[in-house]
Structure formats: structure tokens, C-alpha cells
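By written order: A, B, C and D. Residues from 1 in each chain.
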């Protein structure tokens, strides 16, 4: 056990995996000599060499496509996109090749690879260093979309993703990269990708959240003594229906919190799935507290993201309903 | 008035607009000499010349980016993407430049342009000629996403889109391109982009649908004598909340039908929005009948898309509830 | 004039037979498509010499990542014809159980990549496969084919650049048939083209220089030239990537969905001087490998064989709808299991 | 050695003043950033001669689509310093009301495009603007700047190809500072780089040939060379596009977020032989435009001016949160109006 930030935990996970399996290749812009702009790959070049920690030209399309080819050929590629905001030139590779390869070839080719990228706000980077684009990936059939909310989960979910025999989009909340330390095993361990984490039990309502919003939800609930169950999804797609439905049926009131914009976002599917299956259990409307439906303004990012006030307003509305 | 297919109506709309306004430029692969692979731009090169009907190299990124530049410079670009399935190499331009330009410059630059593309099944084109990717666009703040369901609307909505001073994703259901003719004015006319179309009144439930699924929903309801209200959205984002809520409050039961896959799709937002605002009016869960959550298999496309049986099963479930 | 060759007479005859077979398949499949037995088909006419030359050149240790117009390469590589035709006719026995379009092969066990529809969408994957070969210190190279139109795509640039930067064992092989769909590759003086823009202003083979390696242009209507240049490239690629531009002409429509008369006057016609079938027949006759008698007997044999095969596959059972939900993920999500109930 | 010039003595002195001003702003803003007054900043050191040369070359009839490292070009173009600094400090008076990052200018009324963060994301837009110019038969050309790293992007290839195919009035101007962030542009023998891959194997200026037009390489540390080459290119581009590769060296970090010592040993240092400030000072002295006395008085003047300006903008009011929902659409959707209530 070592006290680790999320960055350190991810670094430790990559190190454990690379030690065990020489088919793992990291690649991306500045992941090698520089150790990654957020330092997630720090020290790995020195340990594993430039064949396994590959600095790439400035082309996200190539980073993803190159990784796909490696994994088609039996390696296990872990490409990094420096900021999720820059992933879109690779969307064709992600949607048309990565996500569909197993299906369209009926498993002739499988594609074990983990595409890592930091997402969300926290560095005041304006419209292009703060996006939360998870809905683009969750809507893409064939992808597994994972996002941790603390250092322990980050490492464990990353190692599970690396073991998965399917492509994973691994979204790292950059807001939490250095947000605090936690005891994390130095050795290899896994966290189940298909299980949401009930991080707090409670009776009055169920709050479903994930990634960067989790600590905010937790502190808001604690600070205001709300008797709320909190579910940290961990995997956004396919999400853990069972845990969600158990929570909903128990409390009858649901709040969804995420940093990404609301319209046509991840919360919409959670809400639709729940109300489709358990409308008679619902004692109140399902509410969403999310990022605003605008690009992230540089000077005013702090007003863009959900905050305690907005969450408490929704909770109070639900409790009173 | 002329009896027109949807293709002819679109062609007529483009012609009317180009006649009126010499700042309009069409561009795309095979839109010129060939007249478009579905013939939407047929005859326009001969009439308006190669400066205004521009055959492009094979690069969707360029088609969109080039169009953006034209519109930044005061022209009005109408790029065509041959199949929506091929739009993803242009996603960076769409999400990061086209959708955000007005917002991030606070209106220093505005971007009147209409990006046309055929989508959905109907030609048995397998995983890459049949996609319904509308959710990628509706989730992108700053875009207006429009899709017609008949020749009259196709022309009128296209002309309204061309007049809009903001970027539009204009999704043409290729399934309906040649699905039937209808009386369409030869002259210029518009259909309101912000108004959904109640194409049928009814009391027992409200069916919300759009684009390629509309004729199927209509025929199913008629054939089975269902007393259903049918709303054709026309614009998916921003959608017409008022018409939807009026319908929901009247019937208390809602079915959403679309051809795109379900998970994290357009129907999810409709469902979430409705249940958030009108849960006490709902007499049954909101159901969705959609395309399956897999890529579109070449040999089995017909089993992929919603059909009468699946729609009727959902209607019966709602009516009995 | 080619006088001697490094290939046995038998090898040359097989190659010729495959050219004939490809041509006959092509005509019959176009027919099948017109009659509705085949919903879609990608014509090959004009590409036969390229295909057969490539099929001869590719070695067991190489990896081949084809595009959608490469049916004939597989023929010559010796892939069982049943494997090929199950794919084209999307039958239940297809390796992909009919999930992808005709000519979108995926044959991992033969070191063949999964053909993808989006033009050039496989090029970066091909370079990744080459990286894996280099990393594993495996022998052989990766060869990937694509059209002239594909050189305008983002993927072409990115894949070429990665190949140069990592010095990968890559052969980029352009089947230049002078057209994308309706858009010509180069500026043309032909009146029929005067209203179209061209795909590129630079000659394709020269584009390799931008990435620090060599490009060559070859005659794509002569299968021996294709074979020799490609085999040599596969060998030299282990030291440095290379681009080959093979010149030919798309004699038919782009696919069964278009009418070339709308946008061009066809300049290479069947049976004409530049038809690869004619070119190679003449060459093999001049080389004394082939007699007029051989030509007609091969034709008769191949006519019979291809007819029987097409007949068989037209009637072969299609995949059952119960197969359609499988293999999206290794571990099936709950909603996929639920949706199985929706298939009716 | 430059002996005579087409620019007045006054013009040369203004240019020199702007080089000094740029350098001083750069140092002070880096400082402001370290002290927390500026959340982010993109250093300019090494780019001054390019910037000032560009600013001199661009004419009223041209359109300039910059990238994020072009602060100095705007200075020399004569854009009011208040306009520039409101943007950099994201104040309430910024033309973009603080919505985009520092150095992401958008100044339509000066024919300047909206700087975008994704590298090369503006290149295809720039070609579209050039198309509009050509279509409208307007005088002038479009010039767009970008870094060496940007030449690896999809957008570079696609924009260059479109420019060639439509023969657009385009000047592609590469500010080659030899690094992307940590990745060097070319293979290097410097030990510090031995563990990194390079962005490209081909020389950048030669890449233009792949698109059928000309590329040239110039010394980016000499503002007169930059001015002359660029002005000439802006004129010739009305007949054919052109690529200019201006060689310099990024003397500072990539941005305020990185530490260059992690990945290189800096080879061009402040005050050294190759520092553009030194290069141009010497040149103007040799030309008898500048005396040592001028140098110190200009320095003092610019020091005073820049300090005052920075002081003013550090304290200038920031945009109010009530502004943040506007101008997403011309006609505001219902959910945007609703969300106004959520801003607290």
C-alpha cells in the first residue's frame, strides 16, 4: 500500500501490467520522453524502452488507428489522447473500426485495447481542454466506457480494462488527477468493470453519478446530512442495471449528477431506462444536475459545472415532492 | 405544384435557393458531374457551374472544413456527405469548429451552413451505408439537427435551414428518398424549424417519432386502428417541447419510435425530458421502439429496424397498462 | 518484351487461369446482381493484372490488408473459393456470417485484414500491424491496397507519416484506376471530365517523398510487372517503407449502384488493346506459354467452373436471424440479451 | 548582409520596437502567469522575427488565419493593443468576452480568423475562405500559420490537397520551432532527443510538391527575410498556393504547463547568437538604422509601456456570469433559457 494520487495509481497500474505482459504498448503524444502532460506515463519509457512507450506524431487519428493495428496483430495497445477534446479526428477509427471490428467479422478479429484520455474540467482550459464527451462513446455500440472516481478504482478499473478482450474507452477525470491521495496497493489487482459501486447507503433518495462528479456529490450529501444512497457507476456502458434498479426500488427518488452537458447526455439514458422499468416505484420525477448545454467558457468554467447549490436544490425538490 | 419524390423535392429546394442567392455553394463527393449518388444535386452543375457545384476530393474532413471557411467568409456552404456513415473523419470540424464558432467568439463569426447527408437503412448497405448517427449531433451544443419525413417537409425544412444563421445538420432518410411522391410547390416556401408536426390526432397515446420511422408509425397506427396521436419532430435539436408536452398531458401515455439504436440515443432524451416535467401525467412507462444496439448487419438489416410487430407490441403494452 | 521469367510455366498458366476466372466471375456477378441475386457488387474489370500479380507476390510471412476491390488477389493467393464466395454471397457459412458487404473479407488465419467500407479506413491499422511485426521481430512485411481516391483522405497522410517516422515494413499499394467514383484522379483534357475537379494535383507515386521514402509507378495491366515490383517491395520494405502506384483503368462502373456514362466516356474497353485480359494473353502467347487452343479450353473450363459455383452460392442458405445479436462484446450486456426478444 | 531595403527607416524602427515589445510582454506575462494573474499563457520567445515579418507582409486585402502562438503578428499589424490584451487577459471588454483561451483571438473586422486550440483545426477553414475570395474575385490571398507539429495532422494534408486541387490563393506558413510539445520535428543526433520519435521524416517545405505546388524554406530569425518572402508569397499565391517553412527555435517552454528540461537541452538561449532579438538588433545596427543609444531608449520605453499595460489588464474586470448563456444560437432554445436559472 502506498498513498497515491490518481495519476500515481494509474502509473502504477500501467507499470504492473507492462511488467507482466510484454505485448502491452503505450502510445501517444508526449507519453514517452516527457512522461505525459499529466505525468501518467512518467518513468515508463526509462523502464520499458521506446519500443513499448511510443511518442507519436501529432495525429490522434494515427494514435488510435495505429493502436488498433497493433491489437489486431496480437499486441495490446494502450493509446493516450492528450485531452479528450482532441479525440474527434479519430472518431472514424473509433466508431467505424474499433467499435465494430469484432461484430462485423463475427469475432474473426477481436480488439483488446484501452484508449485512455483525460476529460472534464478542472484546469480552466476553456472550450478545448475541458470537454466531457462521454455520450459520444456510450452511444457507440461495441465500446466499453469506463471512468474512475478515485485512485483505488482508477488502478483497479484500468487493470480490468487491460484484461478485457474488447476495446475500452477509459475516461480519466483530470479534475481528480491530483485531487487527493488514497491507499492503493502497489501490486496488481482488479476492480470489476460490470459492477457499480454503492459508495453510501441511504433511504430518502438515490443519487447516480460517476467520475469527476463523485467527490462533489459525496461531500454535498455529507455536509448537508442528506439520507441519500450514492451510486458511482464506474462503467457507463454497459452500465450496471441491477444495482441501479435495486437502489431506485428502495428509495423511489432519483437524482442523476454529471459534469457533461444534459441534453442527449448520459443522464438521459439512465433516466429513460429507470422510468421505463420502474415508473410505479417512482415517487418523484427523476432529476438531472449536469454541466450547462454550452461549450465551456474559459473565464467562467466554475459556473459551468454542477455545484453544491444546484445539487442541493434538486435534492430538496425531490425530498419535498 | 408537382408530384415529387423526396429527392426531387430536395433538388427543387436547392434550385430555388441557388437561383435566389448566389452566395450558396454546394460541395461534396460526386455532387457535380454525377449529380450525387442519390441524384439530389442532379442538373445543378449544368445550371450553376462548377464554381457553385463543387466536386471535391475524397475527404469528408475537407468537405466540412472547406464549407466552414466559405461560410465564415460570407458565402453559404451546403456540403454533402455521401453517406452519414462517412462523416466521422469530419467530427472534429463539426464538434470543435462548426458547432462552437459562434459561441466561443461571442458572435464575432457566425456560421450559416447546412450539412446535408443521407442516413439510416433502406439500401441494404451493411454496417457502413445504413447508420443513424443523429445522437452524435443532437448531443453537440450549437448544432441544429433537422430531419424530414416526407417530400413537402423535406423541401420546406431545407429552405428554412438554408435561411438560418446557424449551422444545421440536415439528415435525409434515404429510405424515404424514393418511397413515394407528393404534391410539392415548385416555388420557394418554408416549413418552421422549431415546430413539430402533429400528423395525426388521437387520445389513447402519443407516439413521438421522426424521419425514416414516420411512415411506418403512421401505417401501423392506421392499419391497426389505434387511437394514437403522432408527433413528427422534424427538428431533433432543439426539439419542440411545447407540442410534445401538450401531447403527453393529453394522452398520458408515450411511445417513442426511431430507427437509430436505443442506448444513449435520441429517445432517451425525449423520455427523460418528459418524465422530468410530467411524471404525474404519465399513466404508463414511456416506451421506446428503436433499432437494435448492434451495427447494422448486411444480410439481416430487415430484422434490425423497428417494424409493425414491435411497434404494436409496445402500443398494446401501453394501452393495457 | 518479357522473354524469360522466374516463374514456372505452370505458375504462369495458373495466373492466367485466375485472370480469366476473375473476369468471368465479374461478368456473372454483375449479372446476378442485375437479376437480384446479389444485392450489391463491386466490379473488378481492369484490375485483374494487379490482383493476380499481387496474389503471386505476397508471401506466407507477409500480412495483406486489402480494400473492397481485391477479390482477385484472394483467388491467386489460394484462399479456398468456397471461403471467398460465402462472403460475397453473404451465406450462413461466411466467416463473417453475412454481416459485412460483398467483398469485405476478413480472414485472420490467412493473414488478411478485415476490409472496411470507409475509404482508407484500414491504412492506419495496417501500419499498426507493421509495427507489431517489427516489435516482434517477425519476418515479412505488411502490404495494403487502396484506390487513387483514397490518397486524398486523412488516413493516407497519417499512415504514410507513421510508416516513415517508425520506418515500418510497409508496402502502400495504390490501384490507380483513374477514378474515385465520378471524380478523376488527375486533371484531364477529355471533354467528358472538363466539369470535374480532380482528386490531386501531384502524381501519387511522388507523394512518398513527403514522408521520406520512395514511390514508384508501374504498369498495372501487366501481372508480371506487378508481381516483380511487389515482391521486390515486400523484401525491401523490411528496411524502408515504399509506395507503389499501379496504373490501370476502371473499365466498369464504380459499383452496381452507379452509371459511368453520367460522368465519363469509357476509354478502355473490353477486348481492346489496354484490357488487362488482352494485354496478358498477348504477353503469354509471345512468351510461348499459351496457345490459342489453351485460351479457348481455359475459357471453357473457367466458364463452367464459375457458373457452377455461382449457381451453388446463389442458392446457399443465408444466415439465420438468431445469429445477429452475437459477438458484439465477449461478455454480452443485459440490453443485448433483452433485445434478442425483439427480433421477429 | 542586407545593405538596402524597401522599407523606410521609420518602418524598420517600428518593427524593431515591436520585437522588443513582444519580448517584454512575453517575459512579463510568463511572470504574471507564475504569480497567478494569468491562468495560462503561450510563450513567444524565438518567434519574434517571424511574427513581425508576417505582420509587415500582410496587406489589407489579405485574410490572416493565425494559430495560438501569433500574438506578435497582431502587434505589428496594428491591431489596437487594448483589443489584444483584453483577449489575453479574458476581460469583460474582450471581443469574445473571455470565452476562449489566451491568444485565441477572433477579429473578423480585421480579416483575422478565430484561433482554435485543436492543432491545425483552422487549416481547412482557411482554404474555404480562400475559395470564397476566388469565387468573389476579390484581391488578396489567405495566409495561415501553424507549427511544425501541425504538419502531421489530417487537416494539413486535406487543406494542402484542396488548395492544390482548386488552385487557391493560399499561403501555408509553418513556424518551425523544431518541437511540437516534447516531440522534435526531425530526427536529431542530440543525446537529449535520442529517446523520442520525430514528427516527420520529410523536410516540411518539400511536402508542397506532393500537392503540385512550391514550398520554400526561409530563416525565421530574420524579420526582413520573413517579410520579403511572405509578401512575395501573398502576391504569387493569387496564381498558385505556396508553402513557407520558416526555421526558428522555441526558446521557452511549450506553454505555461510544461517544463522543457524534461525532454531537451535548450540550444538557443536568450541573448545568444541565434536569439531573434540579437540577430535583428545586429542586423539593424549593421544597416545603420539602430544605434546603441536607440536600443537602450527603446528598451526603456517598451519596458514602461508593457508594464503599464499589463498592470491595467491584470486588474481589468472579468466578464460577468450573466453573459455566459448568450450567443450559442441566434434564436435561443428553451433549455438554454431555462439553464440561465442554474447559474449561481
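In the analysis below, a residue touches a chain if its C-beta (ideal position, glycine included) is under 8 Å from a C-beta of that chain, and two chains touch if they have at least 3 such contacts.
Please read these numbers as outputs of a predicted model, since none were measured by experiment.
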- [ ] Spell out the chains that contact chain B while also contacting chain D.
- [x] A, C
Task: Reference chain C; chain at largest CA-centroid distance - done: D
Open item on the list: As a quick test, compute the distance in whole Å between the mean CA positions of chain A and chain C.
Closed with: 40
Open item on the list: Just the number, please: Cα centre separation of chain C and chain D in whole Å.
Closed with: 45
- [ ] Please report how many Å separate the Cα centroid of chain A from that of chain D, as a whole number.
- [x] 35
TODO: Report the inter-chain centroid distance for chain A and chain B in whole angstrom, where each centroid is the mean of the CA atoms.
DONE: 31
TODO: Indicate the residues of chain A shared as contacts by at least two other chains.
DONE: 54, 56-57, 59, 61-62, 85-86, 88-89, 92, 96, 103-104, 126-128, 141-142, 237, 263, 293-295
Open item on the list: Give me the residue numbers in chain C that touch at least two other chains, ranges are fine.
Closed with: 97, 99-100, 104, 116-118, 152, 154-155, 158, 161, 165-166, 197, 199-200, 328, 335
Open item on the list: Under the definition above, what is the set of chain B residues touching chain A in their complex?
Closed with: 61, 85-86, 88-89, 91-92, 94-96, 99-100, 103-104, 126-128, 133, 135-136, 138-139, 141-142, 237, 261, 263-269, 271-273, 275-277, 279, 282, 284-288, 293-295
Task: Residues of chain B defined as touching chain C within the complex - done: 29-30, 32-35, 37, 45, 50, 54-59, 61-62, 85-86, 88-89, 124-129, 262-263, 292-295, 297-300, 303-304, 307, 309-310
Task: In the complex with chain B, residue positions of chain D that touch it - done: 63, 95-97, 99-100, 104, 106-108, 113-114, 116-118, 121-133, 135, 154-155, 158-159, 161-162, 165-166, 326-331, 333-335
Task: Footprint of chain D on chain C - complex, ascending - done: 152, 154-158, 161, 164-166, 197-202, 206-207, 209-213
- [ ] Spell out the residues on chain B that touch chain D in their complex, using ranges where they run on.
- [x] 25, 51, 54, 56-57, 59, 61-62, 64-75, 77, 89, 92-93, 96-97, 101-110, 141-142, 144, 164-166, 194, 237-238, 241
